[in-house]
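First chain A sits with chain B, and in the next complex the same chain sits with chain C.
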Partner chain A sequence: MTRRIAPGLLCTLLVLAVSGLALLGPETTQRTTTQMLVMGVISLGTYVFVGNSGVLSFGHVVFVAVGAYGTALMTMEPALKRALLPDLPGPLTDLHLGLAAALPVAGLLALVVSVVCSPLVLRLDGMAAGIASLALLISVGVVIGNWDQVTRGSQGIVGIPADLSIGSALPWLVAAIVVALAYQLSSSGFRLRASREDAVAAASLGIRVRRERSIALVISAFVCGVGGGMYAHFLGALTPGDVSLRLTLLTLLMLIVGGIRSLSGAVIGTIFISVLAEVLRRIEAGGDLGPVTLAPHPGVQQVILALTLLLTLLLRPGGITRGRELGWKLLRTGT
Partner chain B sequence: MAPLLRTRQVSVRFGGLRALDDVALELGDGEILGLIGPNGAGKTTLLNVLSGFQRPSTGEVELDGRRITGWDPPRRARAGISRTFQDVRLFADMTVQENCEVAVIGCGGRRTTARERARQALATLDLHRSADVLAKDLPYGVQRRVGLARALCARPRVLLLDEPAAGLNDDESAAMAETVRRIHAELGCGVVVIEHDVRMILGLCHRVHVLDHGVTLRVGTPDEIRTDPEVVSAYLGEEAIA
Partner chain C sequence: MAQNLVNALSLGSLYALIALGIALLFSIMGLINFAHGELITVGGYALLAFHRLPFAVAAGLVVAVVVAAALLMERLAFRPVRGASGETMLMTSFALSLLIQGGVLLKEGADPQSVDVLGGLGASIDVGGLSVGRLDLAIVGVTAVLLAGLAWFLRATPLGVQMRAAAEDFTMARALGIRADRVVATAFGVSGAFAAVAAVFLVARTGTLTPSMGLSPVLVGFVAIVLGGLGRLWAAAIGAYVLAALSVMLQAYLPGGLAAYRDALVYLGIIVILLFRPHGIAGRPGGVRV
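On to the complex of A and B.
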């Protein structure tokens, strides 16, 4: 048993170590780290479905969006809601939850949306599934951009309590690791991973592939919804652009570079890309970097991140972890 | 008493092509039935019809006299129909042990049962030393045996084997026939086996069903098939008689 949960323990330790180090740093570093923890929850949520099923999804940011806007509407000051969103239904205006209470509800909202979407997306495979999920993302983006009564459309919502810190984000990321690990060790997770390897052989052995995929999708949506709520409290303001293709690509970048087929890959990819993005951001901004003074290099972050993805796909398609888990060596030689 | 597995007037059409035409196959309880015929005779299509991967255009499939024509592959697997594939189709990134466990857990079995049965199956097929090896790292011949071990773990009532000896040399081929015989003795299941190696099939099976261009050419015991002039001219050729 210890050996089976080893990846979860090691990932948790890794996250704790990075967060601990960041707490010693200046406020900007702490803020970047908080963002990393939020991205960790979103990546893990996406991983639960994409990593275990092998079906690529561009649509998981839909669940992030639902969680983000849902949380914002639950945690904002009622007076502020009345001013910004006068057409919001009364009970929703008066609702005023704390972040810890709102996040599970946000997860459930995302879960409900996934149940509605799943018949559409799960009928498809491979490339078609990817394109369908992208279509879903774009459709939901359009709805968010025009639903003035609830989202204030393209103006966006402001005044969300921006109270997320390393300390308040960390427990949720650890919880996400626990959920992702529990699912992947469950019988359903095992069946889904078999179908990822070969869907035809899996069906011939009694596996109802679509059923296992919907279970993973629902869990995955819940975690993404929670991640979305955290994201809203990280940003303090939400516009449709915050939960669009950009965020999708960032999540997939983290998963692919880390190794999309393992939980450790999701965690390591998130940390690696977050650190890299932060270093690049500083280079981009230029200025005084300790011993050297750098001229600003606008755009360098985007270019290097894109190159990182390209080089990963070319040279190490399995990502940093190559689909293996931390502690995998222990798993092997331990017997 | 109804046979274990049967097709009634099964036809499969792909566009204008008749892959199977009015085929009636019967498999008795505990019987080993060989399915032979030249390339394109419809052997694999018939196996797909039996395992649920191919819906027949017309006709019915029955298990124990019960109609299962509309059942999908997972449902048939749960009813005790297990199959192997010509191209093996192992779960590449899983260990040999895990490959076998899927057969039990796939049908809703418990983890502990799965572990135990996988261990037994691997011991039966002399694969226990490879239990922790990833399937993709195995040599081809061993992969074929793992495919068989996996099907065996499901404890099927009907075992469908699609060219279990394809790509194996003569020695491996003979060993594979011996393995199939041993599995059959151990499980007492009905077995349908497609094979190109005629010598192996005639030595292994109780009865042989010969297909040609999608129609049944002959059904009979190995001795009847071996001496049937029409089968010999259509398919077997001189070497089989010698």
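On to the complex of A and C.
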């Protein structure tokens, strides 16, 4: 039993260690770490579906968007909502939940959306699924950008309580790890991974690939929705650009560099890319870095992150973990 | 109505150039090249660099630069992942797209830049009561010539025939002695040339350059391909014209409140088409290979 849950325990320990270190650091480091924890939830949510099924999805940011806007509307001050969004339906305007109560609701909202979108995933795979999920992401982006009554269109929503901290984000990430682990240890998880390895062989053994995929999709959407809600409370303001193709690519970058076929890969990739992105952000902003002074170079971060992804795909296609999970053995050989 | 038709024809030609560049690579090696948009970006900025030269020279140089970029892309990034899964190749093209975009951002900055390449093309001429831009005529004309040229190349030259064979069945074509590297490199070269021409026309139409300018053309290209039928070259061109017509008509006839949602409607339409015809309107369903 301990062997089976080892990846979850070790990933949790890893996240706790990084967060603990960050708590000793200055406020900017803490903020970056909070962002890392949020991205952890989003990439774990995406992993539950993409990692186990092997079907690439660009659409998961749709669930993040639903969770983010849903949470924002549930947790903002009613007075502020009246001012910003006068056309919002009355009950929604008066609704005022705390973050902890709003996040599960956000997850459920995303889950409902995923059920609506599930024919996409169930009927298509391979390239058609990729393109269709991309098309979905773009059309949802257009809707968010124009639905003035609810999302305030391209102006975006401001005044969301930006109260997410390391302490309040951490339990949710740990919960996401538990959910992802529980799914991959479940019999549905095993069957779905069998279909990832060989869909035809799996189907011939009586595995109903579509059924397993829809189970994974629903769970994954829920986790992504929760991550979206956390994202809203991390940012404090939401514009359509926050939940666009950029976020999709960042999530996939983390998953692929870490290793898209394992839970440990999702967690390690998130930590690795977050740290790298933060270092690059500081280089990009320029200024004094101890002995050297740098001029601002916008674009450096994007170039290096893109190179990281490219080199991973070319030289180590399995990512850092190569699809393996963290285990006790690693600790034993490590010491 | 006739004015809309002219617009649709001109827009459709531009879309067809972009879609064919992407479809060529997809049909041969199953690659969805997201970085095709960045080839257009590179072409746009190359045009900015050369725009003081005579137009013909500048256009020639732009084509040379973009073709070189496309060949470089193939050699450094796509050759190593050739034969990998479609998803891996797609992510590779995403990485390349981000990389080039970041490079342009680093060199040129994020601010939009404007470039005037129109010259005499800006004027309109009067054809039977219709005002037709010379640019529109140029786009439609050049695209027609390029499409005819590509058709001739694919039908009448040995390399073109090899490319068609590779598009039919890449493994079999290799087994019969077709040199894969040469065929794929040629495809990238042609794709780059089409991207360069598209870039010139696109910049001539809009007059502005940004590092992320390649995104919407490449999406349009994908949509056109899906609409026409995955893996079929000429279907992609047809898809491009259909998409342009749809887009112009929706723009003209959608009631005011819905016009903002035009793109959402177009993309949702794509999803619906994919759901019912996963291989596109004119595509052939392929069985599962075990």
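Everything below uses one rule, namely that the second predicted complex is superposed on the first by the 327 of 335 C-alpha atoms of A that agree within 3 Å, B and C clash if a C-alpha of one lies under 4 Å from a C-alpha of the other, contacts with A are read in each partner's own complex, and residues count from 1 in each chain.
The rule we apply is simple: a contact is a pair of C-beta atoms (placed from the backbone, for glycine too) under 8 Å apart; a residue touches a chain by one contact, two chains touch by 3 or more.
These numbers come from a predicted model, not from an experiment.
In the overlay built on the shared chain, the residue A:Ala101 is in contact with neither chain B nor chain C. In the overlay built on the shared chain, the residue A:Ala162 is in contact with neither chain B nor chain C. In the superposed model, A:Val200 makes contact with both chain B and chain C. Of the two partner chains placed around the shared chain by superposition, neither chain B nor chain C is touched by A:Leu92. Once the two complexes are overlaid on the shared chain, A:Arg261 sits against chain B while remaining clear of chain C. Put chain B and chain C next to each other and count what each touches on chain A; the higher total goes to C.
By the touch criterion stated above, A:Arg208 is placed in contact with chain B alone, chain C being left untouched.
Within the superposed three-chain model, A:Arg191 lies in touch with chain B and out of touch with chain C [touch as defined at top].
On chain A, the patch touched by chain B and the patch touched by chain C overlap at residues 200. The touching residues of chain A, when paired with chain B in their complex, are 187, 190-191, 193-194, 197-198, 200-209, 261, 323, 332, 335. Listed in rising order, the residues of chain C touching chain A in the complex are 30, 32, 77, 80-81, 84, 86-88, 90-92, 94-99, 101-107, 109-110, 211, 215, 219, 222-223, 226, 230, 260-261, 263-265, 267-268, 270-271, 274-275, 278-279, 288, 290.
Chain B contributes residues 51, 53, 72-74, 77-78, 82-83, 85, 89-94, 98, 101-103, 105-108, 111, 132, 150, 154 to its touches with chain A in the complex. Across the interface of their complex, chain C is touched by residues 56, 119-120, 123-124, 126-128, 130-132, 134-136, 138-140, 142-143, 146, 199-200, 245, 249, 252, 256, 297-303, 305-307, 309-310, 313-314, 317 of chain A.
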